[in-house]
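In this document, chain identifiers A, B, C, D, E, F and G correspond to the written order of the chains, with residue numbering beginning at 1 in each.
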Amino acid sequence: MKSIGRIWNSLANPDRIPRLYALVLGIVLIAGFLIPIGLNDHQLYPRPEPQLQINAQDPLAPYDRGGVTFEQRGIVKAQYPQYLPAIGEITAYLSPIAMGVSGTTLYYGTSIYSSPGGLIDEILYYTRGFDTVLESSILMMAFVIASFIALNFTMRRDD
Amino acid sequence: MYPFLDLVTLTNVSVGVLFIGAAGIIMLKTPMDKVIMFALLQGGFIGIIVSAKYLDVAMAAAIFDPISTIIMLIAITKLDEIRKNKIKSQEEEFFA
Amino acid sequence: MILVPDVVSPVVVAIYSPAVFVGIIVALIGLFGISIEKNDLQVLILTDIVGVAMLIIVAAVGTDLAESLVLPGLVVELAEILAICEILMSREMRKTGKSVALIPTPLNFDMEVLQTAPVFIAVILVIYGAFLSGFTGGAIAGGGILFYVMSLTVRGVPSDLWEGIAGASGIAWCLWITGFLVLFVFPSYWLLGLMLAAFGVFIKVAFKAGLIGVMNREEFRKE
Amino acid sequence: MVVSILGSQIIGIIPLGDIVFYMTSFNLFMFAAALAFTFIIAISKTETQVEAEFGSLGDREIKVAKKEFKFRRFLAIICGLATAGAMVTGDIFDFTLFVCLIGIVNIGIVGAVKQIDVLDSAFQYGLIAMIASTPLFVGASLILAATGTISILAINSLTYTTPMMLFGSILLFLGVAGETGVAPFFATKAEMFRTPGSPFLLIIHLSSLLVIVRVIEILLIINKPF
Amino acid sequence: MNDATYLIYIISFVLGSIVGLVLSYRKYTAPYVTKNIDIIALIVSIIGWMLVINSHLITFIPIYLSITIGIFLVALVLGMRPGYGRYETVIGFILAAVVWIGTVLV
Amino acid sequence: MNLMLNILLNVIIAFLIGTILIGLQRKIMARIQGRPGPPIIQHLLHTLKFFIKESAFPKTAAMPFYVAITAMLFVIWVAAVIDGPVTEGSLLLIFAIYTIQKIGEHNAGSSSGSPYGKMSCVRAVYSAAAEVPLFAVLIIIYLKAGTMNISSIINYQSIHGPLLFTIPLAAIMFFVLILSKSQYSPFAITKGKDIVSGYETEHFGLLRGYLMISESIAWYMLLWVFLTVFIGPLSLPAYLIGMVVLSTIVAFINAVTPILNPNHSVMMQVSLAFIGIAGSIVLLMI
Amino acid sequence: MLEVYIWFYTGCTLVIVGSLATVIGPGVKDPLVRTLNTEIPAVGLSLIFLTYNSTIALLTFIAATSIITLILLRTIVRLEEMGAEL
């Protein structure tokens, strides 16, 4: 009983908690080796086989999901297409510069499709836009905290 | 005629460079040597990106490579200096 | 050519469980390291490894969705490291009771690269980042700005400038929120929303990274 | 269409694209509670801690400085909003992001104080929060891999539970446990409360408790009874 | 028995206790006397318990009214100041219970 | 019946029965410890007394907050009554209310600026960490009954018999939870007399009255949930008898056990929870 | 297609070896060495991203890694300078 009490008391020391947490998490993760793990192949937003598009000489590889800017929508397999009136539009959109680049080279697909428009922008800003709100808020909060401490303490030189 | 020459592709060479770089970073103990080996690692990595034909990514990686290296160099230099000063001041204390 | 297949490609399915196992192994290694480590700073560095494990497992799903989930994960890691490092430093400063004025030790070396390269690299990265826009562009352009600011020789915390830049990035964040609202309230103006969102996030991330550069300039200043 | 979650009817949904917020009476109550507390925090002053001075009969007052007060109030409000969001979100990944936001803001609320002990526990809590973001995201991604969706409403209509989903949800729980500090990981969080500034500290506690109740709901939705 | 009558019983209990407490402080000045049995309290208690438990025997008033009054009387004795009213309560309860068992058996 | 009237009725019932049960508990404890003890009605009189006393506010308090928290506590317990006896809604909601009540406790303690309140606040955080039994109970009930709706759970029990016999360990865990909420119990670290009155120390007059009302309703509601979820459909007198029995048991336990140190209290509850979870899962498997 | 597997398994190897090196590698008592060692798993992870064609994530990761390294190095240097005993 006394030793249990001692263990319990040691748990009240904040310095040990991250280590304890790491240990517990590690033990749980070991279970991951024991259970069957497999990918359900019916996924949202599937993408073609790796390297398929670039090997097919697609200038928009690897994010080409069809569609023509302002005319035809790209293919996006979202969870709730009924709530997304403009689905596929962003995927199909290419900025004028991006169009120019796509005409000249085969190997700039990533850049072309991450300039405004493209699939990842569609997911990040439109279909799952709220994630990005949170994501940028997290970064902003971290920055607010860091810069508050930095400006008022760690980098302050007058006092 | 030389079937093993087929193995000398960009991918395989880059993988080789990568592993050499990784081994170097792990084995060498001096931070300065590690930075040199890090350049090797980055070289291999850029090679692999190029073999995947994503030139834009390769370009960005190539630009960030020197940045990381320089940051590390500055930090290492500064740390060296601090440690040297510390030892020096300890010795002074010792003599005093 | 199939632009969007019905199911995930068999290659990805085949390498899913190896990828998850690798992720778990890496996490175990990292957690093992954390649980035996006594030094707080070392633990902080090791949590980086655990973060890598997370990214592997998330990416292993191999869909576009997985990729877009990787990005928040990445940002969370970055953000938390940023905040916690600062707290660690302030804790240690309060503990030792040393005031800031005594430090930093001036850096006594001259690097040719720091005279010539920053402008060039920064310009390239900012232009490329602007072209990319969004988080990716922000991170890239931010890297450039960071490098440039860091290699400047000016000293002291530019408090006004700092607040100005931070304010600008706050406004950029608002731009992104506006963009988000436009996308959902007026879907017909999706292009406007997209541009607002993409450039809002871009400016925000880039400026924030630049401010990290300012912090570091203090640390790595030249004589 | 009448959809019921855990035996209670859905009152309404707010679709934001793929991320659908849903409300049952349970979610609505927690949402309202989080917002109400946030509002009160936004208009409150901080308390003054009075401590006996050592070796004399005088009292020592510990106050929160104005600048620090504003900063902490800002973070507390963000934390309250994030908590409210986490109560109604219908997407597992979105939920994990909310939890991460809460975690980082919690660190910030106590990050600017002067007591070394509190800073130390804030740092240790930050470490846990960082480690915990791994099981959080891994859990969500395993559930995604096993079911092909991360929408809670879609998972609710599934009829099976695979071991992988169970594993994923255990990891999710562990992640939330780390971020919110339930026993046996409570010490870091409890020590953070020794600093003055009670309205802001309240939101730390509020967020952790509400999030943990909410994650139980999510776990129950993911794992069907035998 | 619905919620409203339930509430009435409780309120009657509370009022009875309060009145009992006040009256007992008026009546008994010595603190905590354990041995004596007060005849009036005993009678009140017996009537109260009879009304509560055997209310079905009394047909000329509605059942809830008799229980309400009974609970009031019971509470009057039960709620007396510390040390008083315990034996009375127990005796009253036993008597009423005996009568109840009798009616059930017969 | 009119819904509002029903709510009002139930709230008043909850309040009155709650105070009387707490009074009864104190009386029983006193008798066990060989003291005369206060009259059963004492707790109610206390509560009412505070409403006619002068309210004072500490100079150091965090102002709107200090007042609002008492109203908040009261409101959430009224919400619990609405969700419980009135509409028989979601069980999860009652647990959510239970956790929010922890927050109220925490903040009532810290908002005054008193060191005793602060201690109670830190302890409230500790004790909130011991919510694991709560979640374990929820999960086990869900696994067994397949629903989180109170009326469905009652239906389930009227068909399959009380859950008390099928998942006894969950019932025990829930009982520990009830125990931790009762005054003077080994787990009642937030109200230990070593910190005067814990979180209530610095609340006077009207505010204290509200705190005490919510305390009484809380006690009633916890017992109600226990009886409803584990024993099933009951008539009102049966509820009353069940509550008296439970309060008596709690009083016996409280009278003979010392208050634990905060860490030990938390870890004790968590250990009980782990034993309960493991045991229940084994029982469910069999 | 073979290339994809080569990238993937190279990435996996690098990640595992690199994280081992970070945890128990030679000379990791020095936080600087440890931070430099974390670059190996970072490169390995980049290769895994490349395998899945997640090139935007890859770009962001490359940028973010260098920022993280910078932050960590700053902390290390600052703590060393203060002479903090952790």
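Note that in this section contacts are C-beta pairs under 8 Å (C-beta built on N, C-alpha and C of every residue); 3 or more make two chains touch, one makes a residue touch a chain.
The structure displayed is predicted, hence computed values, not measured ones.
Count how many hops through touching chains it takes, at the least, to reach chain G starting from chain D.
2
Determine the set of chains touching chain B that also touch chain F.
Looking at chain F and chain B together, the chains touching each of them are A.
Which chain's C-alpha centroid is most distant from that of chain F?
Greatest centre separation from chain F goes to chain B.
So which chain is farthest from chain G, going by the mean of the CA atoms in each chain?
E
For the interfaces A-C and B-G, which has the higher count of C-beta pairs in contact?
Higher C-beta contact count between the two pairs: A-C.
Which one chain sits nearest the middle, judging by mean Cα positions?
So the chain nearest the centre of the shown protein is D.
Would you kindly tell me how far, in whole Å, the mean C-alpha position of chain F lies from that of chain C?
Their C-alpha centroids are separated by 46 Å.
Between chain C and chain G, what distance separates the C-alpha centroids? Give it in angstrom.
14
Need the CA-centroid distance for the pair chain A / chain G, whole Å please.
Centre separation, chain A to chain G: 19 Å.
Starting from the mean Cα coordinates of chain B and chain D, work out the distance between those two points in Å.
Distance between chain centres: 40 Å.
Return the residues of chain A touching two or more other chains; collapse runs of consecutive numbers into ranges.
Within chain A, the residues that touch at least two other chains are 11-12, 18, 20, 22, 25, 29, 32, 37-39, 42-44, 47, 50-51, 54, 62-63, 84, 109-111, 114, 120, 126, 128-131, 134-135, 137-138, 141-142, 145, 149, 153-154.
Got the chain B residues that touch at least 2 other chains?
Within chain B, residues 52, 54, 57, 60, 64, 67, 71, 75, 78, 82 contact more than one other chain.
Hey, what residues on chain E touch two or more of the other chains?
Residues of chain E touching two or more partner chains: there are none.
What does chain D use to touch chain C in their complex?
Within the complex, chain D contacts chain C at residues 16-17, 93, 97, 100, 103-104, 107-108, 111, 114, 116, 119-120, 122-123, 126-127, 129-131, 133-134, 137-138, 140-142, 144-145.
Could you please specify the touching residues of chain D with respect to chain F in the complex?
Going by the criterion above, the answer is residues 6-8, 24-26, 29-30, 33, 36-37, 40-41, 43-52, 61, 181-186, 189-190, 193-194, 196, 198-199, 201-202, 205-206, 208-210, 212-213, 216-217, 219-220, 225-226.
Going by the contact rule at the top, pick out the chain A residues touching chain G in the complex.
So the residues of chain A in touch with chain G come to 47, 50-51, 54, 62-63, 109-110, 113-114, 120, 154.
For chain A, which residues are in contact with chain D within the complex?
Listed in rising order, the residues of chain A that touch chain D are 11-18, 20-22, 24-25, 28-29, 31-32, 35-40, 42-44, 78-80, 83-84, 126-131, 134-135, 137-138, 141-142, 144-145, 148-149, 152-153.
So in the complex, the part of chain G that touches chain B is made up of which residues?
Answer in residue numbers: 3, 6-7, 10, 13-14, 17-18, 21, 25-27, 30, 32-33, 36-37, 39-40, 43, 46-47, 50, 55, 58-59, 62-63, 65-66, 69-70, 73-74, 76-77, 80-81, 83.
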